[in-house]
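Going in written order, the chains are labelled A, B, C and D, and every chain counts its residues from 1.
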Amino acid sequence: MQKLGMGQAVNQALREEMHRDPNVFLAGEGVGVSIHLNPMFPTHGLLEEFGPGRIKDTPVSEAAIAGLAVGAAEAGLRPVVEIMFNPFFTLASDMIVNHAAKLRYLSGGKSAFPLVVRMKSGAGIGAGCQHSHNLEAWVAHCPGLKVVMPATSADAKGLLKSAIRDDNPVIFIEHMGLYFAPMPVPVDEYTTPIGQAEVKRPGTDVTVVTWSGMLGVAMAAAEKLAQEDVQVEIVDLRTLVPLDKETILASVAKTGRLVILHEATRTGGFGGEVAAVVMEEGFHHLKAPLRRVTGPDIPVPASPPLERFYIPGDEQLVAAIKEIL
Amino acid sequence: MKISAEKQKEMLWTMLLSRRFEDELVELCKVEGKIPGMTILSTGQEAVGSGACAALEPEDVIITNHRSHNHLLAKGAEPNALMAEIYCKRTGCNKGKSGTLHLAVPEVNAPCTSTVVGAGPPIAVGQAFAQQYKGEQRVTACFFGDGAAAEGSVHEAMNLAALWRLPLIFICENNVYAGAQRHEEHTPVPNLAVRAAAYAMPGETVDGNDVLAVYLAVQEARERALAGEGPSLVECKTYRCRGHGETDPQHYQPREEICSWLEKCPIPRLRDDLIARGVLTAADYQEMEGRAESIVMEAVRFAEESPYPDPEEALEDVLA
Amino acid sequence: MQKLGMGQAVNQALREEMHRDPNVFLAGEGVGVSIHLNPMFPTHGLLEEFGPGRIKDTPVSEAAIAGLAVGAAEAGLRPVVEIMFNPFFTLASDMIVNHAAKLRYLSGGKSAFPLVVRMKSGAGIGAGCQHSHNLEAWVAHCPGLKVVMPATSADAKGLLKSAIRDDNPVIFIEHMGLYFAPMPVPVDEYTTPIGQAEVKRPGTDVTVVTWSGMLGVAMAAAEKLAQEDVQVEIVDLRTLVPLDKETILASVAKTGRLVILHEATRTGGFGGEVAAVVMEEGFHHLKAPLRRVTGPDIPVPASPPLERFYIPGDEQLVAAIKEIL
Amino acid sequence: MKISAEKQKEMLWTMLLSRRFEDELVELCKVEGKIPGMTILSTGQEAVGSGACAALEPEDVIITNHRSHNHLLAKGAEPNALMAEIYCKRTGCNKGKSGTLHLAVPEVNAPCTSTVVGAGPPIAVGQAFAQQYKGEQRVTACFFGDGAAAEGSVHEAMNLAALWRLPLIFICENNVYAGAQRHEEHTPVPNLAVRAAAYAMPGETVDGNDVLAVYLAVQEARERALAGEGPSLVECKTYRCRGHGETDPQHYQPREEICSWLEKCPIPRLRDDLIARGVLTAADYQEMEGRAESIVMEAVRFAEESPYPDPEEALEDVLA
């Protein structure tokens, strides 16, 4: 096992897939020459290794970047494009939502759009709400897209490799806070299947469903509660679409209690989908009301105490769990 | 004139076929419920698609928009499958998923049509990039309207294509209107071809009712593209003789304007020219008309007799 | 009472508010001169009445239209702008989501953005998925926006008047199918408050929560079930944000059963939010699992039989209700 | 020279103040945790904001971007409230909600700042529209970078502003870089001012390190705007002497390039010129430096001593 931050894990995946398949290319703002001279960042060193023909720095033109991906994917390439921060997805959203996701359907299945859109998400960088705004719920609501949000470096690597090999458009969202947290990653070649959640900690008393940067918060809360003899089971979704209902429902069947934890704002967040699925298909297992622990319904503020207030913490999660025990 | 007689007759033919095809749609649209969705026609503008596609090779790619029938027929799309799709039948080229608005015909390298105004150019950038990346000797041509030129996506696409010298031909079909708004309500620039200079690429305004002029401009742009000299912008000035779509009463289009443009119709214009130059006889032309008639009638028959898809087929083709 | 289609009701609201407040202006593609010469459409006749200074036809530039609204609203006007069809909201989404919704917060409460974005939604027009794609869940997930989706002409008029007077950005979504359905509208001046759901049909056996074009489907199903002695209570949300939890919870407390009905695709739809709220705050009232009746997870297809398959119908709703009775 | 001595000294002053303010930020950024977020400075580019804002009246509006400190100080923003906001303190002009990146100072008609690249121009269209709608005698100036010029939103905004003849001045601050990409990696057009022709508006490229040239160009554009002649594009060629932000090691910027531009620094340039022309004495300049020093020191003291907002204040100011 090597220990890698998520950025490094993404970097390895990109490198390996680019070696494997000459049709894979990268495009985005600063994916080649970057203002970060930092090996912890996902595209570090790729320009040197693959050259400017395959690592394409672009103008600041998110719609064109996304259109590039759509057109090139249809033509048989495997674009991996970067939208720098999640809020800028808005600018690419027509191309992704109305085109990448729909053109296959509109062609009656004749065309395919094997592309990956990588983007950074997450609060905690003090940059405020135009840089930090988790919009995974948007892409999860668009038939034709797959949505991946890894919480560990190992999953990031394996899932990105699967995403690049997938014949469909995949939205791959990286949490910036995880770039600097070294985590074990297998050295041998592997992929991680899209569409499978993973129980990251087994438990019997309550299920916490979470994804991306919030896994660490869930783990910390579970640790604390273990000391009070409460055994938390943590389901890391890893993929929002397609959603692994089986793993969620199996866990809830065991524990009878559910807390959903996500960093995005509450109203309309993807937590609602998880809640609805459980209420539809796991209702009879439930012994208590649901709790959601999420960002409050505000833009992410810049000031450190305000931003900390925004980000859900383990104490909030512990409190929510205790409410329904 | 450096255009072969064959090519000239080909252009006359695709214009004629397209017109006959769409004239039939005009009638079909009058029958309640026969043609679903918004039917949007190219009547009077056929020189643009027919001239441009004649200058392209089969391996070249076109990306078109909501006003696509002429472009697609000129690129060689099979009329039966096209008509059946417009009817939303299962035998349509897109199994009824698309209908008239987003016809995709990858068989003739017309792989995606977007009805989101301005969305074609960024996608065309991707297609042209793939051609460049793979070192292929082919180009992409992208049709968009004068209205579309106001969309930000078109700017981004032109800038990127010019920057990377992609083998891309931007064909702006300036038919005076975008919806109910006239050109001058969309932009203060009379000729959109001046925009080319904003990206250091060549731009040309041609008479969009002169199919030979369109052909020559696109041919030249294609040669530049193949030579690695990057994209071009060809603005074709023409006129939307019918409404935006078939339900549009055209109350805002002056009658005289429509009439004066109907007189400039590109089909008789080329026909008379070819007959005058001895390239074509009146009998040849009659034969062409007859052929178009029977192709379109056969397409209608095919579409009429084809079944609708079963409801559950809606669930297919979302993911690969 | 007059009988108006929703387009006419919207038209009246616009007219009245423009007479009341000279700062109200309209902008959009064809809001003045339109390809529709049809009094059933929302902006019919306004150009003649208010002139081109206040009824602004724009180029096909959704980002600029939205930016126009943001800037003009901050400067003290009350823009009502139109995005022609809901899928084109993508092109305006940066301006609305990253700016209209956030700039007040970013100013520390110094600025206000009193603007309305009107857009048409709904399947049933045979135009396919680039024209029909209900994305209310997107805007409902953006703090700083209010989201209104009326189901009746009377509500449309009253709510639009409130939206125009509201000091916050309001997304106002009209269902095209309702433009041609005459419904009673009071003649005297009135407004309808934003943020209040309405019980459109009282019942005791099951609650159906719905909004916009689906109200008619719910009513038809309720009618059918009444003949089998099942009394359906129909809650029409009218406003998604702020969500009137009280009305939903009161109804569920009474019936103990909940079906959510919306036209948008299922996964990630706003139905999830309703489900989560009920599971959090009304769990103990529930006697049965939830059902969601929604569009399937596909783009809206063009072909009539496929499009009909897409749109949720009363028979589906009846079946879903019977499953949980 | 048609610029009054007062105006010239005002420009020197706001450049100096801005430089001193940002030089302090350079130091503060070295202290871990003191300045949250991404600190983005204008060092060497001050002639753009200072020249432009000097040509504006207090009632004129500016819309700025992520590189805003100079623009805002030149427009008259209060340094204490600005510094406190950069510190993310409760006394900051935006109560800590914004931090350095989206400073909004409606008091001086700088009502919104967006850090979404290219987002300023459409908002500026709205501001200028409101001015036109109300028949006011004032204008809007919008600052954006050379990188931003590639965004579709900028195209849409320019087209609409030109179409409606809005009282708007587009000020493109071309500092050679956008992030780590050089101008020529963003567009094939050396001078972005040529884009103006794409919208039939006047465009001018000026020496962006010559504050008087910037002033004159903006003044002229303002007069056109007030006369109802519509928008203008003023491209100011300058150079980003520091990194994109304070964490950027500038590994991609050639050292000699930076050095050569540091020599063209607009502050000593104007200072020496004013002294040579007898408008200013060395003592006057020293006094200015001292004044800038004490204002900045006071701002730092104010920010340091101010409290952070309470966590729950995060919930305020979302809705009106």
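In this text, contacts are C-beta pairs under 8 Å (C-beta built on N, C-alpha and C of every residue); 3 or more make two chains touch, one makes a residue touch a chain.
Note that the coordinates shown come from a computational prediction; the quantities given were computed from them, not determined experimentally.
Visitor: If you average the Cα atoms per chain, which one ends up farthest from chain A?
Guide: Here the answer is chain B, farthest from chain A.
Visitor: Averaging only over C-alpha atoms, locate the centres of chain B and chain C and give their separation in whole Å.
Guide: 36
Visitor: Just the number, please: Cα centre separation of chain C and chain D in whole Å.
Guide: 40
Visitor: Where the CA atoms of chain A average out and where those of chain C average out, how many Å apart are those spots?
Guide: Computed from C-alpha means, the inter-chain centre distance equals 30 Å.
Visitor: Rounded to a whole Å, what is the gap between the Cα centroids of chain B and chain D?
Guide: About 45 Å separates the centre of chain B from that of chain D.
Visitor: Which residues does chain C have that touch at least 2 chains other than itself?
Guide: Residues 59, 61, 63-64, 87-88, 91, 94, 98, 105-106, 128, 130, 143-144, 297-299, 301.
Visitor: Quick one: which residues in chain D touch 2 or more of the other chains?
Guide: 96-98, 102, 114, 116, 150-153, 156, 159-160, 163, 185-187, 318
Visitor: Linking chains that touch, what shape results: line, ring, star, complete or other?
Guide: Contact map by chain: complete.
Visitor: Flag every residue of chain C that touches chain A in the complex, lowest number first.
Guide: Touch residues, chain C against chain A: 87-88, 90-91, 93-94, 97-98, 101-102, 105-106, 128-130, 133, 135, 137-138, 140-144, 241, 243, 260, 264-265, 267-276, 278-281, 283-284, 286, 288-292, 297-299, 301.
Visitor: Under the stated contact criterion, what part of chain D meets chain B in this complex?
Guide: Chain D reaches chain B through residues 150-156, 159-160, 162-163, 185-189, 194-195, 197-201.
Visitor: Help me check something: in the complex, which residues belonging to chain D touch chain C?
Guide: 61, 63, 92-98, 102, 104, 106, 111-114, 116, 119, 121-131, 133-134, 140, 152-153, 156-157, 159-160, 163-164, 316-320
Visitor: Within their complex, state which residues of chain D touch chain A.
Guide: 33, 36-38, 88-89, 96-102, 114-118, 147-148, 150-153, 178-181, 185-187, 243-245, 247-249, 251-252, 308-315, 318
Visitor: Residues of chain C touching chain D in their complex?
Guide: Listed in rising order, the residues are 25, 53, 56, 58-59, 61, 63-64, 66-77, 79, 94-95, 98-99, 103-114, 143-144, 146, 167-168.
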